[in-house]
Amino acid sequence: ATPHSLEQTFETLAKHGGMAWIGLYRPTQEEMAAVAKEFGLHRLAVEDAVSAHQRPKIERYDSSLFTVLRPARYLDDTESVEFGELHIFTGSNFVVTIRHAETGGVARVRHRLEARPDLLCHGPEAVLYALLDQVVDDYAPVVAGLENDIDEIEDQLFSGDSAVSRRIYELAREVIQFQRAIQPLPDVMSLLEKGFEKYGVDIELQRSLRDVEDHVQRVISRVNSFRDLLQNALTLDGTLTANRQNEASAAQNEQVKKISSWAAILFAPSFVAGIYGMNFDNMPELHWDFGYPMAIGLMVGAALLMYLIFKRKGWL
Amino acid sequence: ATPHSLEQTFETLAKHGGMAWIGLYRPTQEEMAAVAKEFGLHRLAVEDAVSAHQRPKIERYDSSLFTVLRPARYLDDTESVEFGELHIFTGSNFVVTIRHAETGGVARVRHRLEARPDLLCHGPEAVLYALLDQVVDDYAPVVAGLENDIDEIEDQLFSGDSAVSRRIYELAREVIQFQRAIQPLPDVMSLLEKGFEKYGVDIELQRSLRDVEDHVQRVISRVNSFRDLLQNALTLDGTLTANRQNEASAAQNEQVKKISSWAAILFAPSFVAGIYGMNFDNMPELHWDFGYPMAIGLMVGAALLMYLIFKRKGWL
Amino acid sequence: ATPHSLEQTFETLAKHGGMAWIGLYRPTQEEMAAVAKEFGLHRLAVEDAVSAHQRPKIERYDSSLFTVLRPARYLDDTESVEFGELHIFTGSNFVVTIRHAETGGVARVRHRLEARPDLLCHGPEAVLYALLDQVVDDYAPVVAGLENDIDEIEDQLFSGDSAVSRRIYELAREVIQFQRAIQPLPDVMSLLEKGFEKYGVDIELQRSLRDVEDHVQRVISRVNSFRDLLQNALTLDGTLTANRQNEASAAQNEQVKKISSWAAILFAPSFVAGIYGMNFDNMPELHWDFGYPMAIGLMVGAALLMYLIFKRKGWL
Amino acid sequence: ATPHSLEQTFETLAKHGGMAWIGLYRPTQEEMAAVAKEFGLHRLAVEDAVSAHQRPKIERYDSSLFTVLRPARYLDDTESVEFGELHIFTGSNFVVTIRHAETGGVARVRHRLEARPDLLCHGPEAVLYALLDQVVDDYAPVVAGLENDIDEIEDQLFSGDSAVSRRIYELAREVIQFQRAIQPLPDVMSLLEKGFEKYGVDIELQRSLRDVEDHVQRVISRVNSFRDLLQNALTLDGTLTANRQNEASAAQNEQVKKISSWAAILFAPSFVAGIYGMNFDNMPELHWDFGYPMAIGLMVGAALLMYLIFKRKGWL
Amino acid sequence: ATPHSLEQTFETLAKHGGMAWIGLYRPTQEEMAAVAKEFGLHRLAVEDAVSAHQRPKIERYDSSLFTVLRPARYLDDTESVEFGELHIFTGSNFVVTIRHAETGGVARVRHRLEARPDLLCHGPEAVLYALLDQVVDDYAPVVAGLENDIDEIEDQLFSGDSAVSRRIYELAREVIQFQRAIQPLPDVMSLLEKGFEKYGVDIELQRSLRDVEDHVQRVISRVNSFRDLLQNALTLDGTLTANRQNEASAAQNEQVKKISSWAAILFAPSFVAGIYGMNFDNMPELHWDFGYPMAIGLMVGAALLMYLIFKRKGWL
C-alpha cells in the first residue's frame, strides 16, 4: 500500500508494523520536522538534510543512520556532469530518502526491490545498500561520457582545432568536481563495513557491498587517470598551439621574403632605365644604333643575375 | 552579570561560583599576566597567546586546554582573505578568549549561547565547541567568495583579458594561505575527540563536534580543488595568451605582406615608365602614333599580370 | 584426460575426484551459469566474470576465491599496449579460468604445469600462483617495449622530429593505462599472503609468490619512472620546439633584413640617376664632358658608401 | 668555573662532580678523541661529528645521546640562507657541543641558562632542549627573510623586471635546501618524546619540547607554502615574459607596417612622375597649358586615395 | 688461504670449518648450480642471481639470506651514473657475492675486513653489513658528481648556452634512475633490523647498520632535492630560452624597421627628382636660373623632414 500523506503513512506503520519507505523531494522545513519527530531523527542530521551541499558521508546516531550520496548524470549536450544529492535516513523500521535534484535512481531502486521480496526482507539495510549500488552503477555512464570526450579531445588536439583549449579546461573542471563527489565513498563504505559484525549484517548484503566498493575503486582509478590525461593534454595543447602558429608565421614570413625579393629583382632593370633617362649631353650609348636593345638586354641581364643570386641564397 | 574589570570578575567568580567568560582583544602583557595567575594558565601557552602568529592547534595542560583557531573573512573589494587569530583557554570554570584581529565571531557566539541556557550548562566545553562551530561556519562565505572569483576568472580567461594572469596568481596565493589555516583543523578535532571518553563529554556535544568536523572536511576538499583549478587556469592562461598574441602578430604580418605586395604591383608599371623615359635616339616606340596609349596599356597589363600572379600565390 | 564438454567434465570430476581445470574464452551467460551451478560460484563474482572490465582484485567467497588479472601485451607496430582480462575461480578441487582477450598465457601455464606433477599436486592454489607468475612475467616484454620507445623518443626529441609530440603523448597514455592495470597487484598479493597461515599454504608456494611480488614491485617502479621521464620529455619538447622554430624564424628574418638592405643600397644610385634625369635648363653637370662618367662614379660611390655603413651596422 | 683546557675540565669534573659543558668549534681528530675517551662517546657518533654534513637526527647510545641540528641564518645581502651544523652529545653529567660553522646560538643559550639555575638543575637534558629551542627560534628570521624576498619578487614580477627569473630560481633553491634541513626535525622530536616516560623527563621540559615542536610544524608549513608560491611564480614568470615580449614585438611590427604603408603611398605620385617623364612624341598632356599642375594634382590625388584606402584597411 | 677452484673451497670448508667467502663475477649457470648445491641456496634466489636486473631487496630463506644491492659509480666524462648489481647470499658459514658489473667495492671490503679480525669474527653478517656500508659510502661521490653537474647547469642556464636543455634532461634521467636504485634501501634495512632480536645480532653491528641507514636517508633526501632542482631548471630553461630568442628577434625587427625607414627617407628626394624629370612644355621651374639648386634644396629638405618625423615617431 502506498499512503498519500505523511500522517497516513505514520498511522499505517503504527497499525500494521513492517517497514516504511518515505521519499521526499526538496522537503520544506515543516515536512522534515514531521518526519524527524515521527522517526526520532537527530537534529544535526535533519539540519544537514534540509540545507543540502553535503559531501558523501555516513553518520551513526542512536536509532538511525544518516547517509549522504552524490548521484551524477552525464549531460551529453553540454558535456558536463550534473551532480544530485541524495540523503538517506535508515532506522530499524523505516527508510527516508530525500532528493535534492531530479534523478531517477530512487524510483528505479524501488521498482527493483518491490520485485524482489527476498531482498526487501533484510529491511532498511537492504534498501540502503541497493541505493548505494544504484548510485555507483549510475557513475558508469558518466565515466564513459567523460572517456568519450577525452577521446574526442585527443583527435581534436592533433587536428589543430583551437577550441580544444577551452574544452580541455572545462572537462578538467568536471573531472575535479567528480573526484570530489566520489573520493569520500571508500571511507563511507569502510564505515558501513565496520558495523557489519556489531549489527549482524547478512553475509549476502556484506558481499554485495564489497562488490559496490570494488566498483567505486574502479571509478576512482579511472577518474584519476582522466585527471592525468587531461593534464598532459593541457601541456601538449600549449606546445602544439605554439607549433602550429609558429608554422603559420613561418609561412607568412616566407611570403614576405619572396615578395621583397621580387621587388628587389624588379628594381635592378628599373635602375638601368634610370641611368639612360639621364640628360647628359655626352652619353655615347644614347646615340648608338643598338643602344635601346642593349639597354633592354642590360635590364633583362641584371634581373636574371639577381634572380640567380637570390635563388642560390635561398631567398626565392 | 557582566563585571567591568578583571579584578571584579575574579571576585565575582570566587564569590558566586559558576563560569567566567573573559574576552580579551590584543591584551597587554600585564592583562595576560593577571588572567594567567588567576586561572593558573601555563606559561608557554600564555607566551603563545601574547605573541600571536600561531597555527591552529590544541594543547592540553593540567588544568586547562589551550586552543588556537584562525577565523577568516573574505574581503570583497580587494578579493583577499583576511585571517584573524583566536586563542581560547578553557578550564573547569572559565573560558578566556583572546582575539588578535577584529572579528565578530566571538560576540555572535556569546549572544547565541546566552539565549540557550541548555547549552551553557555544559560549561566551558560547550563554549569551546560553539566557537569552533562559528569559526568553521564563517569559512563558508570565504569559500563562496573564492569560488565566485574563480568563476569570474574562467570567464575572463576566455574573453582574453590580460589582467587575468595577475588575478589568478594572487588568488592562488590566497588559497595557499587558506589551506595553511585550515589543514591543521582535522588534527585539532581528532585530539579533542580523543579526550571524549576520558573527560566524559556529553554525547550531544560529541555529535555537534563531528558535525563541525564534517564541515571542515568539506571546506578542505573544496579549497584543495580550488588549488587544482587555479593551477590549470595558470597553465591555460599561458597557452591562451600565446595563442592570442600569435594571432595578433599573424594579422599584422598579413597586412605587411599585403602592403608589400601592392608596392610590388605598383612597381611594374613604374618600370615601364622608366623604360620610355630613357633618352636613346633610336627608340621607335617613342615615335609611334599610339606609343603613349601602348605604354599606358603595357603598364596596366603589367600591373594586372602581377596582381593575378600574386592573387594566385595567395600573397594578396 | 581432457573432456570435451562441460557436462563431461563435471561427470569425470564427480567420478574420479582430482582437480578440474576449466578454461573458458568469452563464455556465454548459459556456459557461466552451468559452471557456477556445478562449483557453487558466487552470484556476484559470476556477474563480474561475464561483464569484464574489472580491475585486478581478489575476493574470497565461502568455497572459492575469485581473482581478476590484467595480462598485457606490447604491440610493436602500433607502439601500444593491449590489455587482456583473466578471471580465475579457484576452489578446493577446481580452477575456472575465463579469458576476455586472446592471450597465450593460460595455455603456456597449462603446458608448464602438466610437465611438473610436483607442483600440480599442490592443487588449485598452485595453478593460481602459476597464472599470477605468468601474467607478471609477461609484463617484462611490455616494460622493455615501452623503455625502447622512450629511448627512441629521446633520440627523436633532440634530432628535431616534430612528430615526437604526438608520440610522447600517446606513450604517456599507454603508461597511464599500464599503471592502472598493475597498481592494484601488490594489494591483491598481500591479500593472498594474509591467507597463508589460515589456509596452510605450502612454504614453497609462499616463496614463489613473494618472488612474483618482487617482480611486480620492479615493474611498478620502472613504469612509474617512465611516467616521470615522459613528463620531462613533454616539457622539454615544448622548449625544444619553441627553440627550433624561433631559430627558423630568426633565419628568415635575417634574410628579409638582407634583402631590404640590398634594395636600399640599390636605391642610392637610382636616386642619382633620378637627379640627372631632371629637365632643368641650367644643370651645368649635364654639359660637362665627363658628366656621365662622374654620375656613374657617384652612383657606385653612393652604393659603396651605403654598403659599408650597412656592413658596419651589421645589417648585411 | 670555566676551565681552559680539556684536561683541566675533566679533572674538575672528576673532583667536584656536577655537569660539564664542553663547546668545541671544528675540533681536530685529537681533540675529539680526547673528549670521546673521557665521556665514553660511541665511535660511530664521533666519526659523524668529525666529518660534518649530517642531516638532523638523534641517536641513542648506551650512555649518551647524539643529536645533529642544522641552525640557519639568513644573509640579507646575498639573499641566501647559510646552514650551520651543530652536534650535541649529552650524557648523565656532560654536554659536548660541536659547531661546524660560526653561529652565535650556542653562546646565547649558555648565557641564558647560566642566568636560570632552576633550568640548569634539570641537567644535560635541559641544555639539549634549550639548544633545540634556540635553533628553531633562529629559523624565524630566516622564514621572515624568505617571505620578504617572495613579496619583493611578486612586485618585481608584475613590474616586468627580467632579472626576476633568476631570483625566483635561486630563492627556490634556498627553500629546497631549507626544507631538507627542517623536514627531519619532527622525527627527531618524536624520538625524544618516546624517551619521556622511560627516562622520567620533567613535565615542564616535556611541555617546552612540545612548544618547540609546534614551532617546527609552523616553520615547515610556511616553508612548504613558499615552495608552492615560488613554483607558481616561476610558471607565471614564463607567461608574463612571453606576454611582454610579444607586446614589444607587436609594437615593432606595427611600426614596420606603418613605414611600409607610407613608402607605398609615396610611390603612387612617383609613378605619375614616371609617366610624364616618358619621351613619347605624341603625349598630348605634355603640351597642355595646365599639364604640369594637372600632373601635380594627379600625384596629390593618387597619394590621398591610397592614404584613404590604407586608413580604411587599418594599415596606417 | 685462498683456494683456487670452487671444489677446493668446498673441501677446505668441510675440513677446516670457519667461514667461506666466494666471490663470483657473472657466473655461468653451472658455477651457480655448484655453489647453490653446496650451500643449499634456494632455487628462486639462484634464478634471480643469474638473471640480474633486480631491484635492491632482501629475502630470508631457511638457511640463508639473499640480498641484492645496486652499487653506483659516477662517470665524469659522460656525466652519467653507471649502476652495478651485487647479489649476496649469506648463511651460517658462508658468504657468496655475485657481481654483474665491474665494481671495486667487494675487493675493497675484503681487504678492509681481512685487516680487522675482530669484525670478521662476527661471521657472514659482518661481511653483509660491511658490503652494505661500502655500497652506500660509494654513493657519496655519485651524489657529489651530480651536485657538481647541477651547479654547472645553473651557471650554463644563465649564461645562455642552448645545449643546457639536453644536459638538464639527461641529468634528470640519471637522477630518476638513481632514485630507483636507492629508494628500496630503507625497506631492505628495516627488514634486516626486524631480524636483530630474533637472530641476536651484535649490538655494535646493529649500530653500524643504523649509521648506514642514516647515510642512505641522507643520500635519498639529497637526490630527491636534485629532482626538484632539475625540474625547476627545466621550467626556467623554457622561459629563459624564449626570453633570449625573443630578444634576438626584437633586435632583428628593430634593424628591419630602421632599414625600411632609411629607404623611405631616400624615397622622398627621389620623388622630387621624378617631378622635375617630367617632360611638360610648361614647367616654369625648369627654366629658372636657380631651378636646379632649388630642386636639390627641396630634396634635402624633404629627406630632412622625413628624418625628423621618423625620429620623433621613434622609427629610427
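Chains here go by letter, A, B, C, D and E, matching the order in which they are written, and residues are numbered from 1 within each.
Just so we're on the same page, contacts are C-beta pairs under 8 Å (C-beta built on N, C-alpha and C of every residue); 3 or more make two chains touch, one makes a residue touch a chain.
Note that the structure is a prediction, hence the values are computed from the model and not measured.
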Counting one step for each move to a touching chain, how far apart are subunit A and subunit D?
2
Joint neighbours (subunit B and subunit C) are A
For the sequence-identical pair subunit C and subunit D, determine the rotation angle of the Cα superposition and round it to the nearest 5 degrees.
145
Distance between subunit A and subunit B based on Cα centroids, please, to the nearest Å.
23
Junction residues of subunit C, two or more chains touched
235, 238, 242, 246, 249, 253, 256, 260, 263, 267, 270, 274, 277-279, 283
Chain contact topology (line, ring, star, complete or other)
ring
Please trace the ring of touching chains beginning with subunit A, moving first to subunit B, and write out the chain order.
A, B, D, E, C
Of all residues in subunit E, which touch subunit D in the complex?
154, 157-158, 207-208, 210-211, 214, 217-218, 221-222, 225, 228-229, 232-233, 235-236, 238-240, 242-243, 246-247, 249-250, 253-254, 256-257, 260-261, 263-264, 267-268, 270-271, 274-275, 277-283, 310, 313-315
Using the touch definition from the top, list the residues of subunit A that touch subunit B in their complex.
42, 44, 48, 53-55, 57, 59, 61, 162, 165-166, 168-169, 172-173, 176-177, 179-180, 183-184, 231, 234-235, 237-238, 241-242, 245-246, 248-249, 252-253, 255-256, 258-260, 262-263, 266-267, 269-270, 273-274, 276-279, 283, 285-292, 295-296, 299
